[in-house]
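One chain, subunit A, appears in both complexes that follow, with subunit B as partner in the first and subunit C in the second.
Presenting the complex of A and B:
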């Protein structure tokens, strides 16, 4: 079963992304939304962890949430796809279920 | 595809309601159906018609009402969460001896069973909260 995980917390604030990455199975997808958008950036203390995850998980970040926070799209880690709300909807359709890590 | 949407946070406090709205709009534009939007916990505050946000800010409550009217959406506030927070429709106001009701157009108040039913009837349940 293929799951889409959504994470909405900065990894600098809460550990929900860490829990998600630990429990998500190979081939699952993770979409970073709201404050979790910051986790998609290069040059942070969490970059290595996220980079490693892109090898076994499909990683996405919601572009409008990057923009709303003034986070440059140029700084997004290679291997993380920047998506809009239309693609967010498509991702939910492509996976069997959605797990929101609140 | 049929979507159920759960909103657990109130307007202007957390991004959850905004994210849920953007998602709902994108889903409807893509031709999907939204079976129900269920507002739980502080999320019930999205359903008060007495909010008056500054004119240059988005009106979160009106936005939901307008989307409901346009697409015939079922917007449901959890009754227990609503009563605790002073969200009443005319029937509830009368039953509890209150002098006013404040539910916004397009919203209705019902029980938690409506969330369970939405989860069963929808192909996907997407949760927005804190």
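Presenting the complex of A and C:
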């Protein structure tokens, strides 16, 4: 089974991303949306954790959520793919199911 | 109560990123309403609240109103004290350069434009919070 995990809360505020990364199996996909977009940046207190996760998970971040928060796309961690809404839909279709971490 | 009314020290503490929840926008609206009552108002941005003040916010892609330009109007409402916690910026890899410039015009100094945004460390912010009559949390 291939799962797409979506996380929508900032890792500075909630532990949902941390739990997701702990419980997602190798090869799964993780898409950062809404306030979780802040986790995709270099130079934060969470960068190391996220960087490590890119080695075993396919990591994505929703570009429009970066733009809305004034977060430069240039600062996104290497290994995290920036996607648009169309790609979000495609990712949903490509996976067997979606797990939303609230 | 005198004719001028009672002036209290009010601090709004903002701790949430914008757009993901409604807290940031609601806080800004309350600040603007409250500013009409001639109180001594200050704003503090702590934790994910610092993301509210980032430059170049563009919400075209998420179908929501970009309310960040409104922070620049706070000076016209006599809101002159905007504090950003240094530790919160650092944990997020941000510096003051990533934030919008916020200013006010000082009527006691020939309307000179002055900075209203100030980066303070936690201990200074703690002192400022302790001096308030009312702290409102968002």
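We take it that the second predicted complex is superposed on the first by the 102 of 102 C-alpha atoms of A that agree within 3 Å, B and C clash if a C-alpha of one lies under 4 Å from a C-alpha of the other, contacts with A are read in each partner's own complex, and residues count from 1 in each chain.
Quick note on the criterion: a contact is a pair of C-beta atoms (placed from the backbone, for glycine too) under 8 Å apart; a residue touches a chain by one contact, two chains touch by 3 or more.
For clarity, every value in this text was computed on a predicted model and none was experimentally measured.
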| request: Mind working out whether A:52 is in touch with subunit B, subunit C, both or neither, as first, second, both or neither? | output: neither
| Residues of subunit A touched: more by subunit B or subunit C? | C
| message | Contacts for A:2 in the overlay, against subunit B (first) and subunit C (second): which applies, first, second, both or neither? | response | neither
| Which of the two partners, first being subunit B and second being subunit C, lies in contact with A:88: first, second, both, or neither? | first
| message | Just to be sure I read the superposition right, which of the two partners does A:34 touch: subunit B = first, subunit C = second, or both, or neither? | response | both
| task | Pick one for A:15: touches subunit B only (first), subunit C only (second), both, or neither. | result | neither
| query | For A:64, is the partner it touches subunit B (first), subunit C (second), both, or none of the two (neither)? | reply | both
| field | Which of subunit B and subunit C A:97 touches, first, second, both or neither | value | first
| task | Find the residues of subunit A that appear in the contact set with subunit B and again in the contact set with subunit C. | result | 8, 34-35, 64-65, 84-85
| said: Applying the document's contact rule, which stretches of subunit B touch subunit A when the two form their complex? | reply: 1, 3, 8, 15-16, 19, 22-23, 25-27, 29-30, 32, 124-130
| said: Looking at the complex, which residues from subunit A come into contact with subunit B? | reply: 6, 8, 33-35, 64-65, 84-86, 88-90, 92-93, 97-98, 100, 102
| field | Residue ranges of subunit A in contact with subunit C within the complex | value | 8-10, 12-13, 34-35, 38, 41-45, 47, 63-65, 67-72, 75, 84-85
| note | Counting only contacts in the complex, subunit C reaches subunit A at residues 16-21, 47-48, 51, 54-62, 64, 66, 68, 91-93, 98
